[in-house]
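Scrolling down, you'll hit the structures one after another.
In what comes next, chain A is part of two complexes: it sits with chain B in the first one and with chain C in the second one.
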Partner chain A sequence: MDILPQLIINSIIAGAIYTLIALGFNLIYGATKFFNLAHGVMAAVGGYSVFYFAKTLGLDIYLAAVIGVLITGLVGYGLDRLVYSPLRKRKASNMVLLVASLGAFTAIQAIIAILFTSQFKTLSQGVGTQRIFEVFGGVITQTQIIIILAAILVMVGLVLLLYKTQLGKAVRAISDDEEVARIVGINTNKVISYTFFIGSAIAGLAGILVGFDTGIEPTMGLSLLLKGVIASIVGGIGNIYGGVFGAFLLGFVENFGIWKISGEWKDAIAFALLIIFLIFRPKGIMNK
Partner chain B sequence: MEYLIHLAILFSIYAMLGVGLNLVVGYTGLLSVTHAAFYGIGAYATAILLTKTGAGFFASIILGMIVAIAVSFLIGIVLSKFKGDYYALGTFGFNTIVFAIFLNWQSLTRGPLGIPGISKPELFGINFADNLNFLILALVSLGLIYFISRFIVNSSFGRVLKTIREDEEAIQVFGYNTLYFKLAIFVISAAIAAVAGSFFASYITFVDPSSFRLMESVFILAIIILGGLANLRGSILGALFLILLPETLRFVGFPADIAAQMRQVVYGVILILLMLYRPQGLIGEYKL
Partner chain C sequence: MNQSTKWIIGVVVVAIIGVVYFVSKGPSQPVSTEPIKIGFIGPLTGDAANIGQNVRAAVEIAVNEVNQAGGVDSRTLEVIYEDGQCTGNVASNAANKLINIDKVSLILGGACSGETSSFAGAAEQSKTAVLSYCSSAPAISQAGDYIFRNYPSDLYQGSFGAEYVYNKLSKKKIAILYAKSDWGNGIKNVFVKRFNELGGTILAEEGYEQTSRDLRTQLTKIKSANPELVYFLGYTEASIPGIKQAKELGLNAPLFGGDAWDDSKIWTDVGSAGEGAMYSVVYAPLNSDFKSKMRTKIGNDEITICTPQAYDAVKLIAKVIEKVGINAEAIKNELYKTSYTGGVSASEIKFDSNGDLVGANYIVKVVRNGEAVEAK
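On to the complex of A and B.
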């Protein structure tokens, strides 16, 4: 097993996961213009929903995954209806929304820990049963291939949604200028709630896939959120393609960064990348 | 009685943290979510100095402050270029990194094992191992910090900070370099947090990384938002409230680990409710 092909494969896998988080995050940021920190904990909601339906209730794993994605979407939608939407109506500042999302993040994460304990759990059916493929001298598991495919599918689906449907048009109009969108008769509040559903569902999918690949724990959302946010800022916040580009750039920088030093420093490397971009190009690669 | 003294000591430590953070968040309007990082730096400075060398508690406070000042200066140079949500995000990431350093720099911090056996201070023949004496020492320190902070916010320097909060561009027009002011108050607040950290390490006689994760920063933020932004007495009130509140949960009789998570739920919900219904907190003078 060569190290270089493996590093490239690992980078692509990491990039695919960050893509999923960044896509949803950017979608919501585009429509609302605030940093929704609760986005990270949605991944944990998705992962634990599947854990509950598949392992506790014994449902079919694919059915459980579909239910998990829907539940996560509903949690995101509910959070918007209960907390963000009333705040938006009151014209609350971005800071207020950010603090509220921080509160939601803290509360939901703790509720998951109460329901399922803080222990690390895995979603896959047992160790060593996964099929393993060799590609150019590197190793990749079946789950990891699904992760990459899912990222590509979700990205294509989101682009089609944004550019080929009525809803997508409305979302883009709101991203450009919410007030004008409202004037021309778009029910902005409703559309924003839908983006919360879609964005959260994508984050839930990411959490489920991570759960099959490595495992789930209540605090998993924080690190995923940070990576998704860093990817979004590096690529260009609110820009779908930028988020994807940033996600893969982050995946590569992180995995090649730990070529020579120990793996625990991944987070530090990711943060260093953020600092470099904040200093030299705070608007990201894709945004002018 | 011992139990009340214990709560009072915790209260004074968190009141110090709150007063320090209010200088940045309340008076300057910069949403910093990294206070636990500097709190941890102070705690680890005391822990390492007291267990590895013969130096005293008060020398370790000075050391903790120096390290916190140096670190906050470096990261502050980057952060001070920003405001609003980008500032919040940068601090958010920084806390995660400092936590990773506490966890992974094993040769210095012993990683997840933590550092036990930190001795209690002694001065002029008074032994502060007695909790009542320690409480008095902590209250004296809190008083000092309170008066220094009050002096700062009432000085012309403090008025510049408040103007930055209200309209940064306007004061730049008058020739003030706002970057220096934002950097200065961030460094002062970090130094205050380090003092609180030294007290914490010495009182608990044990430190490990888990006390300084992001959720601790959120807790301190909840203290000052609940008490009231831009009001130093508000921070003290907030600390009193949030230290006593979870103690009532204890009497309800939850098991220890669930009680800890219940606290997180309560803090999160408090943040959301405050944002929805009273963004200025109990006696605050500034809304986010």
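On to the complex of A and C.
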């Protein structure tokens, strides 16, 4: 059997998941210029919200997904209002914000583990119900197609938001220079809070989709975040297109990297890619 | 006085008050009636948490029984539970706390082999006895004089698996998918060696990071190798997506796993994808009394791997401490001599000169309609 088609599909699925994490991460990074580690745990917030509404309360799965995305956005928004915004007002350095976000990451992860236990849970309703499609000799499930579509839609939506709306202009202005943006009358704190809402909601969506594809656990955020961050750095941190490009590059490199060698090298390859870029092109492929 | 000096003084004062408060509480009671403290390390969260929680319930039952029967030397037994998260550095921190702060003379645990390996050195140095109820990696045999386990080494499980697959199932060409952990690597190495000796062929050998949940590419490669059977060594958290992904990719070769698959959560979660999967597991002569105690405690029938071993370990320790006191060296010497019968995990618990359990009986279970039953 030729495994090439399946490898390509596997790479695209992984790339789409990383895209969703990288998009939100880059959006927030662009506006705030700090490394928001808490972005990872937002995926778990989304996944567990859906778990709660769909499995515990028995709501319709699509409705639960929408609620999950909104809740994650609100948690991100709340985190900004409660933690980051006061720190920014005090002119805290990016290092302080990074440490604060690490604290938020750990705290939220621990709260989820207390509320839902740390056992691995699946959101999907079992294997038999999942439709499987054959594409050029490879197979892909319905959930995985939805993941890929979601990544594309979110990317298009984000580009439209940034370039066609008033809010998008404000975000881009802040991203260029926060001081100047404030001088010309943009309420930067408010706009940054909105980017936290949107960015976190996207991460929540990623967590929900991963939950349907594989499953959820409180610690799921860290590995997703790491891969999302690699994608962002490789693609060009703070750059929307760069994040997408980096995500798919990472997906292809790590899945094709273990084509001829044993599978345990997967993470080693991913991080080697990161180090190569940090040394030779620290601003990523699509730096501004 | 500037702001930071005030802060420093404030923090120091609070710390001193705290220390004085706790220290004064300590030695005020007469020593002889103080509870005997032993440490516990297991995966209460993270990978294998289902097993860790189940084990903890059994330990609580056993401790309760010991205390209700008058305790040990008319002192109660108290267990300090620490979470090892099935991860080396976390377990190592937990053990340091138990050894240096709680000053326990014996640690029950860890569960995952990576946990036990990580603190075996520290325990050996500080002369703290360790009795693991679950660690099976072969390397632990050489971990030290103070390190014991009442769970069989994977030397047995790996070769048992190889022989069963080759002789009983007559599968000669197989592929291996394993978690990169002390446990996964340990069994895999023994399995590969034995399977090759028997004359079998290993078509593919694919590892994955223990925390990885996307095994698609490894499975894709295995599928293309077209094996007659896949020997899949994984913990619960990676096995659930792994088994599903195997079916989604159309990998229909039968799956054969290790003792970590003795977790009903896997088979309820993967549904029909798990049908027909097999795994080897240590035979435990569970009696109905133990089963009903567990049911009362946790509200369901689940008894995961290592739970009977942990229960017996507490009983065994109580017996040893009753005899020789809480000096760690005396406990160690007594453990080498002891023989415990009538337990729920094995007909007899005895340790060889490496501190390993003597003898092991394995059985194979097969999944039928979402439930694991003994294979005939």
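Quick note on the criterion: the second predicted complex is superposed on the first by the 281 of 288 C-alpha atoms of A that agree within 3 Å, B and C clash if a C-alpha of one lies under 4 Å from a C-alpha of the other, contacts with A are read in each partner's own complex, and residues count from 1 in each chain.
FYI, contacts are C-beta pairs under 8 Å (C-beta built on N, C-alpha and C of every residue); 3 or more make two chains touch, one makes a residue touch a chain.
Since the model is a prediction, treat every value here as computed from it, not as a measurement.
K.L.:
Clash or fit: chain B against chain C, after overlaying the two structures on chain A?
P.N.:
clash
K.L.:
Pick one for A:Glu264: touches chain B only (first), chain C only (second), both, or neither.
P.N.:
Both: A:Glu264 reaches chain B and chain C.
K.L.:
Could you look at A:Phe120 and tell me whether it touches chain B, chain C, both or neither (first, second, both, neither)?
P.N.:
second
K.L.:
For A:Pro282, select first, second, both or neither according to whether it touches chain B, chain C, the two together, or no partner.
P.N.:
It touches chain B, and chain C stays clear.
K.L.:
After the superposition on A, what does A:Pro86 contact: first (chain B), second (chain C), both or neither?
P.N.:
In the superposed model, A:Pro86 contacts chain B only, not chain C.
K.L.:
Is A:Val99 in contact with chain B, with chain C, with both, or with neither (first, second, both, neither)?
P.N.:
Touch status of A:Val99: first partner only.
K.L.:
Quick one: classify A:Ser223 as touching chain B (first), chain C (second), both or neither.
P.N.:
both
K.L.:
Just to be sure I read the superposition right, which of the two partners does A:Ile111 touch: chain B = first, chain C = second, or both, or neither?
P.N.:
A:Ile111 sits against chain B, while chain C stays out of touch.
K.L.:
Determine, under the contact definition given at the top, whether A:Thr56 touches first (chain B), second (chain C), both, or neither.
P.N.:
A:Thr56 contacts neither chain B nor chain C.
K.L.:
Please indicate which partner A:Leu274 is in contact with in the superposed arrangement: first for chain B, second for chain C, both, or neither.
P.N.:
first
K.L.:
In the superposed view, which residues of chain A touch chain B and also chain C?
P.N.:
Of chain A, residues 113, 117-118, 223, 262, 264, 267 contact chain B in one complex and chain C in the other.
K.L.:
Spell out the part of chain C that touches chain A in their complex, as residue ranges.
P.N.:
Within the complex, chain C contacts chain A at residues 45-46, 49-50, 53, 177, 180, 205-209, 211-218, 220-221, 223-224, 226, 236-237, 240-241, 244-245, 247-250, 265, 269-273.
K.L.:
Mind pulling up the chain A residues that touch chain C in the complex?
P.N.:
1-3, 6-7, 10, 13-14, 113, 117-122, 126-128, 130, 132, 139, 141, 213-215, 217-220, 223, 255, 258-259, 262-264, 266-267
K.L.:
Spell out the part of chain B that touches chain A in their complex, as residue ranges.
P.N.:
Within the complex, chain B touches chain A at residues 31, 33, 78, 81-82, 84-86, 88-90, 92-94, 96-97, 100-101, 103-104, 214-215, 218, 221-222, 225, 257-258, 261-265, 267-272, 275-276, 279, 287-288.
K.L.:
Where on chain A does chain B make contact in their complex?
P.N.:
For chain A paired with chain B, touching residues are 34-35, 37, 83, 86-87, 92-100, 102-111, 113-114, 117-118, 222-223, 226, 229-230, 233, 262, 264-265, 267-268, 271, 274-275, 278-279, 282.
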